[in-house]
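Please go over the structures that come below.
Two complexes, one shared chain (subunit A), two partners (subunit B, subunit C).
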Partner chain A sequence: MAIIEAHGIRKSYGSLLALHDVDLTVGEGEILALIGPSGSGKSTLLRVLDLIEPADEGRLSVFGIEVASERGSWLDLRRRMGMLFQRPIVFNASVYDNVAMGLRYRRASGEEIDRRVKEALEAVGLSRYIKSRATDLSGGEQQRVALSRVLVTDPEILFLDEPTANLDPTSTATIEEIVMRLNREAGMTVLISTHDLAQGQRLAHRVGVMIEGTIAQTGASSDVFRAPKDRRIARFVGVQNIIPGRVVSRTEGLTTVEAGGRQILSATPPPADEVEIVIRGEDVSLHRREPMHEEAENLFPAMVTRIEPAAPFVNVTISCGCDLVALVTARRGDALGLREGMGVWISLQAKAVHLIPLTGH
Partner chain B sequence: MHNQYNTITKMKTETLSTEPLPAGEEANVTRWNEYRGRYLDWCIVGFCIMGAAIVGITVLAIANITMTELADPAHLLKVAASSEVIGSILLTFGAGASAVLLLILFGTPLAYVLARARPSRLKGAVESIVDIPLILPHTVAGLLVYLLFMRRGWLGAPLSEIGLAFEDALPGTIVAMLFVASPFYVNSMREGFEKVPVHLENVARTLGAGTFTAFWTVTLPLSLRHMYSGAILAWGRAIGEFAGVIMIAYYPFIVSTLIYYSFTTDGIHTSRSIAFTVILVSFGVFYLLRRMTRYLGRYDDRV
Partner chain C sequence: MVNGNPIIEGFIEAIELIIALDPQVVEITIRSLYVSLTATFFAALIALPIGAFIYFYDFRGKHAVVSLLQTLYALPTVIVGLVMFLMLSNIGPFGFLRLLYTPGGMIVTQTVLIIPLLMGLTVSALSGIDRDKRYTITALGASRLQTIMTIISEARFAVMAGVLLGFGRAIAEVGSVMIVGGNIRGATRVLTTAITLNTSMANYSLSIALGIILLSVALGVNIALSLVQRR
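What follows is the complex of A and B.
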């Protein structure tokens, strides 16, 4: 069941268009990650969905309620959701008072507040700080206070706006773990925005890529990473090789594309005649001599033109008519004895070669 | 004092000498320390002399009146203790406080809206209107208030029908003070609200606070200091008003009117004593109010 449904959401600040044509459906109990570069509208979208700011245009329903016609019930709807922000924001009061805020706004009784605040702090492992001033804690601890402040109100939907962008790996792991557990055990729906691709992949059931104010692609994270819909998405998800080419033929489920005088086989049906070939660097394998038992469909000799260390990997640029970047582990690079000007063989599975229509960029 | 300075210099020299500095540099540092007391930056000295002219006028004026008044303490005491003077001071302070209370009640929401509104022509227009009393000569301000609130004025007529008279009455004094003091309060309050990040309100709202609750529990507490200093500024402006007030309310006498009246009738002697009394009382009150600011506001909340 869809808990959030948005169609054609548009939002601008003066002359700045922050969101346009946003369509998004989030199922109950789902974790959806919004990934995208800074300034692509992720935070604005979360604020719109959390009913902090109204959209200029578009239809939005939350919990099956069309929000545009129910302005009077926004506060009630908002009280069924919670949001954690990028910067840890705590108020200059005790940790207890910080966590109690949401319950006090809901006019809960003193005993209930007491019980639930203690539970919430227990859950984030901060019980010992209950009487401390929240502003005296470290950044990671403050963010955990902020998280328990949200969780104490039992939100059905939790919005996380780059919640770990400023945190160290340990605090990040703690927060991720809590969120995952709540999703698993309490079935909480989670929308997390992040520019950390790995985090999106780790947490989310489904990923939405936001580019320039709209959701450009949604799908399983593996789809988005391996089969980006267009060039901007491919760039954002870290594809090293985007090469223009022309479709030559299509046989037995394989598309032959010519690029730089070399024919490359792809498992993607041709989206157009003029295409761009999208290949992730880690899918390109290097060999010192022609491999004997290689199952990959593409196999050809090439020459190493550049080697760039990117610990713990090495970016190897190879020339085989067109330039390709291969990502190999530093150890494998050593084993191959890579050096510039050296001849190598590369193998590449047809499945790893993704095709997108050529655009004007 | 001189001894103390020497000790400090010596201490500094000692601290420095324990640092692992090459011998030559150490000598330089020591000499620099010796010179420091004598070194003069002529630019700053010039600025100080020019600035002293401004401060000097105030100091001289107050010294002048203090010397003359303290020469005849009996007369000063007689004037200061007269019920006319005490009553007038209380009236002025009270009317000023009423004006400020009205400003807090009505000016705070205005300041909040101005602080949160996106820049627009309407916002600019409202801001200019708020500033109008600031740029008008006080007599003009007084005349404006008089014309609006006099018995036949647009607002004065209907209000006098329900028994609220402004001409030569306390409400007239208050409304004139309110008019001239409003920009001071509204602008200061608006600045305070602008300094509270919208983000903090958003946090409160995501936690289930409505707009008013977020304002009341987050924004307002964080702006208390600005509210306080704005209120003091406005109050000071209100009780100092003369031209704005006399147009509509010559009576009852506020202190400015009383001093002017006694200056023109009894002469310099009495009016000077009243003025000196007012100086003492005002200083005392403002000093106390300023002292109290340090206990206000949770500034470190700002993220």
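What follows is the complex of A and C.
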């Protein structure tokens, strides 16, 4: 069942358009990661969904309630959700009073507050700081205070806005672990925004890529990584090779594309006549001589033009009519005896060659 | 060689006056503190809620109001004195209150003088609560009233610092209390006006004694301010 449904969300600040045409459905108990570059509108979208700020246009329903016609119920709806922000935010009061804030707003009894605050601080490993002034703690500790402040209110939907962007690995791991456990055990729905692709992959059941104020693609993280829908998404998910080409023919499930005078086979149905070929560097294999039993559909000789270390990998630029970047492990690079100007063979599976329509930019 | 130097002699005499708790020095100091503390109290009573209102409610011309307040920080005190004198004098609209040349009139004048400062500093103290903190309060499920209370409580030290600055300006001020109070001995003479008068009469020891006290009050305010700001 969908717990959040948004259609055509639009939001601007003065002349700055922050969100446009956002369509998003989030299922109950799902972890969805919004990934995208800084300034792509991830934080704004989370605030709109958490009913902190109203959208200018569009339809939004949360817990099955259309929010536009129910302004009076926003406070009640908001109290069923919680949000953790990128910058650790604590108030100038004790750790205890910080964590108790949400419960006090909900007029919980003193006893209940006491019990739940202590439990929550136990869970994030900060019991010993219960009486300390929250502003005296380190950034990582403050963020854990902020997390327990959200969690004591038992939110049904948890929004995390780049929650670990400024944190050390230990605090990051603690926070990720707590979030995963709450999702698994309590069925909490989680929306997390991050510019860390690996974090998105690690935590989320599904990712949405935000580019320039809208959700450009949603799907399993492997789909987004292997089959980005357009050039901007491809760039963001770290595709090294985006090469313009032209579709020549389509036979037996394989599309032939011509690029730089060379024909490349792709398993993607042609999206247009003029296309761009998207190839991840790690899918390009290098060989010293022509491989005899290679099953890859694409196999051709090429020349190494540039070698660039990117530990523990090496970026190898090879020329074969067009320039391709291959990502090989440093060890494999040594074994091949790579040097600039040497001839190599490259193999590339048709499945690893993704096609997108050629766009203006 | 120091013998006969009126400054050195005045300084020594001034210390004696303070240590001996000279009745005139004590009386002037107490009146000064009474007038300025009362004025600060009433100014805070008026300026803090209005400052909070200006911050929390959006209305047309809000920006202009805040700019105006900041301009009024530097309001020349003699102008305030002149306007208040005209208001409180027999020819003015509030002449019937008979406040001219009384401590009451001085309190009203100092209150008017520091209200813009307190209002402006309250607005900026509340504005010091950044956007992310306000989002956090909203996200935690605070109602409108709970939001306002949390923001005020979070800005409490900055607001207190503003009140202390207002008191500092009130007690150090000379022009308007001179005009409205009239510097009448035993009635409306305060630290600043007494220093002005005694200096012009070459009565340096009393001036220096009162100056030392005024400086100590200012120092005390500063110490309190830094304690508050360290929180």
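Throughout what follows, the second predicted complex is superposed on the first by the 361 of 361 C-alpha atoms of A that agree within 3 Å, B and C clash if a C-alpha of one lies under 4 Å from a C-alpha of the other, contacts with A are read in each partner's own complex, and residues count from 1 in each chain.
Everything that follows uses one rule, which is that contacts are C-beta pairs under 8 Å (C-beta built on N, C-alpha and C of every residue); 3 or more make two chains touch, one makes a residue touch a chain.
In this text, all values refer to a predicted model and were calculated from it rather than measured experimentally.
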| item | value |
| --- | --- |
| Overlay on subunit A: subunit C relative to subunit B, clash or fit | clash |
| Which of subunit B and subunit C A:85 touches, first, second, both or neither | both |
| Which superposed partner A:14 touches (first subunit B, second subunit C, both, neither) | first |
| When the two complexes are fitted on chain A, the stretch of subunit B hitting subunit C, from 3-11, 147-155 or 255-263 | 255-263 |
| Contacts on subunit A seen with subunit B and repeated with subunit C across the two complexes | 47, 50, 52, 75, 78-79, 81-83, 85, 87, 89, 91-92, 101-102, 105-106, 146, 149-150, 153, 159 |
| Residues on subunit C engaged by subunit A in the complex (per definition of touch) | 132-133, 135-143, 146, 150, 154, 157, 231 |
| Subunit A partner contacts - residues on subunit B that touch it in the complex | 118, 199-200, 202-210, 213, 217-218, 298, 300-301, 303 |
| Subunit A to subunit B touching residues, read off their complex | 13-14, 47, 50, 52, 75, 78-79, 81-83, 85, 87, 89, 91-92, 101-102, 105-106, 135, 146, 149-150, 153, 159 |
| Complex contact set, residues of subunit A against subunit C | 47, 50, 52, 75, 78-79, 81-83, 85, 87, 89, 91-92, 101-102, 105-106, 146, 149-150, 153, 159 |
